[in-house]
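Per-chain numbering from 1; labels A, B, C, D and E assigned in written order.
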């Protein structure tokens, strides 16, 4: 292990980690928004739109992110739709993550017994009050484990951004291997940085999940 | 006779093509306690749900306090506040404490003062023996405690009429008793109630009138003594038979 | 007196440091029907589970047909075959049809001829009115039907004694009746049974002896008429009170 | 062995693993029938034939080539591998079979003909692990590079306008300009004039010696000219033939200096530059601050 | 209408080559799943062991595998391990190794979940009928666990197929690489082929994964 090399290229990895996290989080945030909209459309069974959402979810869940990115980044410009690499990364992640988030939210909503809505209604609440005070708070907390799993999944998926020339962690490692042939050191740094990013989120996720599973409300 | 609080006339209700309630008419006066009995699937729950406009109806009218209620009523949420409902399964909001379960609707829907409602809620909780559970969450309560909270929650909205749908069906005998005792109290206070139950002894004790529903039709409508001791129809007799047993032990004893 | 089939002597059972069964002794003779009643948590289920060696015991002995049974018994599976057990929740195997649920143990454990067992199973199914459900899966049955299958499954092993643990607690009244009727039939046929139930009328009708358990101790052991009409202990009186109601309606009627 | 197979072991096995590009038309690519084609592949086929073994082509990316040799995943790399001193420390190069320098191609609409005064907002497309990347990283650290790991993606990126220009071997960019309308090689020659040679795992002398002998022998029949005519003529026309092809392992500079063929191939390059430059206009005068 | 790559797709063996590339992806996923299932069951069972050292090691392994992006795992095995241990590993073998490592981790988690979702009274009623421990597992627990497991493992196959798209990064010629080769070989004749070819790849992956996930969904619903 060449520590000199490691120290020298540490800053490069730091920069890459920032980019990984930044684009990853942007993708996750948009995925959440997309997911919420899709889940709402499916929950309220909005005509026409619900079919479109259904098709989107199937397409997105049954194709790899790398192929989605290749199509967006290299294919679409041929019909005049051009995107910058970072924008493309965010779009790709949101396209993929949107369906995963939608499923997480939808299963949260569906896990709530209809009797909850009915008792809210029989207490005289209108639709908005019912959603705001009864359904959403419960659905959100039920979705937490799936939600956290999705966040980790999406951050992991950013590793394919290297294929569209985004200087993320994976890219940096690949590049250094190609430039200086220091495979062991480059991979070592790569693993360390992914652990630094993902381990805390994973631990947070399992804490939240345990709380919800064993204690539930009122822990 | 006291004023007519609930007036159901020629109610029909279908699920797709199945006739669930078939020309049901029923008037409940203020202060009256009506018990509805009948075999499983005869439409008891559906009837209660129609009164609260939780189900769309296909024919007839339902009036509460002189105002017609249906899913299309403009003032539906107001009308629903006149009707308190308690269901079979624990329908407390699991993410709120007992107290917040009770306060939610009075403060958000009726926009009443939080402090005032809180005072009332604590008094009611005290009366059902659950004062010290105010800050517990539903999952920390037993089934019987949950149902008593659900009753308090409904009461705190000051409804004109209370509907109970097999509120003790999922409980152990002692818990059943806790809940039924609360309902007996309410009856003594003169609350208007429509109760669906399978507890025949309780029905006889609490009812002013017993309604026997079968196949979506009201087959009998009588005072409890008449209904339990001299049911008029063959069907009601059969139904009541389910709850009585003939001794078998003597036979076995002889064989021994 | 008929031979002693089940003999429990000075049984103690703890969960960690909680004494659940405290020096319980009970003898059941061939052909006897014993009903065990008592408040929730008093140890009724635990007692039945000990008889079947589903729980390790901390003291005392349990003998079936003269042979001691415990989790360490060498011939445990043989002894268990002498005891048939039906639980509260539908414990049919969901991946097998009704018939295969019944055939599994007789063919795999007792190595009996499949055809012969099948013939017997179909006769028993017929007797509980479920012949045509033989090829259905458990999820296609109602709760009452599942429990009747569970009873047939236990019967098909030719047990010496049958244990029933609140088998109707999760059922609607009519389904309750279907299942209890099957049990009444078995009593008439002279089967030896130990039954835990909250259906007091049924208990009275079927029991040769009623055992009242409280706090892990046998508090009363009497014939049903004595127990229900003249309970000896204050606790038993309190317990039975849960099942009787005093009329309240006249008061309300006066107030109106 | 130390992560490589000797000549005898390869012969015994009956198959040689050769790393080539599969997306670098016309040097190494796969045609619509799934067969490998191109200048490098033509040579590779001949190697296999003369060795008397079957060939297993392994598709490589630029950045993988050293890795593949060092971990023994291939026996030989014939993937347009430019000889550099840094690489020579990691692998052993055989005699060269082609000349190369760097070039920069850009769309006609915005021809880049100098790397000075670079607009910091513009990005230069390069392929990860190529000499272009190394050269620009060392000599023009301020030019933002947009890096791709395959030829296919880099070319797509150029077409799609993701970067303003693409720096690569001049052979490659010239070929691209000839094959695609609307592109100009604004800087035809950058850095040192280099050569392209087969490479083997460091220390695999038996295989290295055999390849060197083979290249020398093939020179007698003008094999690489034939290779050019079969694979590159369509793209470059006849003009470039003498300029690109190195026959018998002897560069024009070597020929003039009459130096020994077995010597370290890298050593003599700087002397070669004036000679090469004089001969053509397409491969222009190289700058003096060469990497070597 | 400019040519967007459809002609190229139909030229020569191009379509067959793409499908062949997908075949490699399918082959790798299938082999990996088939190996992962027994290994996962074994590991899931080992996880229930009381031995704290076994437990700690297994947990470490599972957590590491589940946290690292699959691409990193591929690089670690393909480049890292060949360096460290000096063995010769083809890209395909490396991918199978990674997918088995990953699949086993996922599988063991699924097994654990499936086992713990079998209600306790299933064990008890089986014992009460006099079935021995072995018989209980053989006739009652394993059949029920498998039912829960089969849809989940089918789902794992689709996840693996999707992840095979990454193996072009370690030099395996699969669908995406074939697509790049086709685009490259036809750059002159059809400069816009990237659109059609990548679209075709997108659809091919969809056609491979969608029926499988539908099957999983169907089985899950049916065996609920």
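Just so it is clear, a contact is a pair of C-beta atoms (placed from the backbone, for glycine too) under 8 Å apart; a residue touches a chain by one contact, two chains touch by 3 or more.
From a predicted model like this one, the values you see are computed outputs, not experimental measurements.
Colleague: Out of curiosity, which chains are bumping into both chain B and chain D?
Modeller: Common contact partners of chain B and chain D, which must touch each of the two, are A.
Colleague: Could you see whether C-E or A-E has the larger number of C-beta contact pairs?
Modeller: A-E
Colleague: Between chain A and chain C, what's the gap in Å when you average each chain's C-alpha atoms?
Modeller: 53
Colleague: What whole-Å value do you get for the distance between chain A and chain E if each is reduced to the mean of its CA atoms?
Modeller: 20
Colleague: In whole angstrom, what separates the CA-based centres of chain D and chain E?
Modeller: Chain centroid spacing, chain D to chain E, equals 37 Å.
Colleague: Which positions in chain B are in touch with at least two other chains?
Modeller: There are none in chain B.
Colleague: When you check chain E against every other chain, which residues touch at least two of them?
Modeller: Where chain E meets two or more other chains at a single residue, that happens at 79, 83, 169, 194.
Colleague: Give the residues of chain A that touch two or more other chains, as numbers and ranges in rising order.
Modeller: Residues 74, 77-78, 162-163, 174, 177, 183 of chain A touch two or more partner chains.
Colleague: If two chains touch, include that pair; go through all of them.
Modeller: Here the touching chain pairs work out to A-B, A-D, A-E, B-C, C-E, D-E.
Colleague: For chain D, which residues count as touching chain E in their complex?
Modeller: 2-3, 22-25, 29-34, 37, 58-61, 64, 67-68, 70-73, 149-153, 155-156, 159, 179-180
Colleague: Would you tell me which residues of chain E are touching chain C in their complex?
Modeller: 121-122, 124-132, 135, 139-140, 143-144, 147
Colleague: Along chain B, where are the residues that touch chain A in the complex?
Modeller: 49, 52, 54, 77-78, 80-81, 83-85, 87, 89, 91, 93-97, 104-105, 108-110, 136-140, 150, 153-154, 157
Colleague: Any idea which chain A residues touch chain E in the complex?
Modeller: For this pair, the touching residues of chain A are 58-59, 61-68, 70-71, 74-79, 152, 156-160, 162-163, 170, 173-174, 177, 183-184, 187, 190-191, 194-195, 198-199, 202.
Colleague: Using the touch rule from the top, collect the residues of chain A that touch chain B in their complex.
Modeller: 113, 115-116, 118-126, 129, 133-134, 137-138, 141, 216-218
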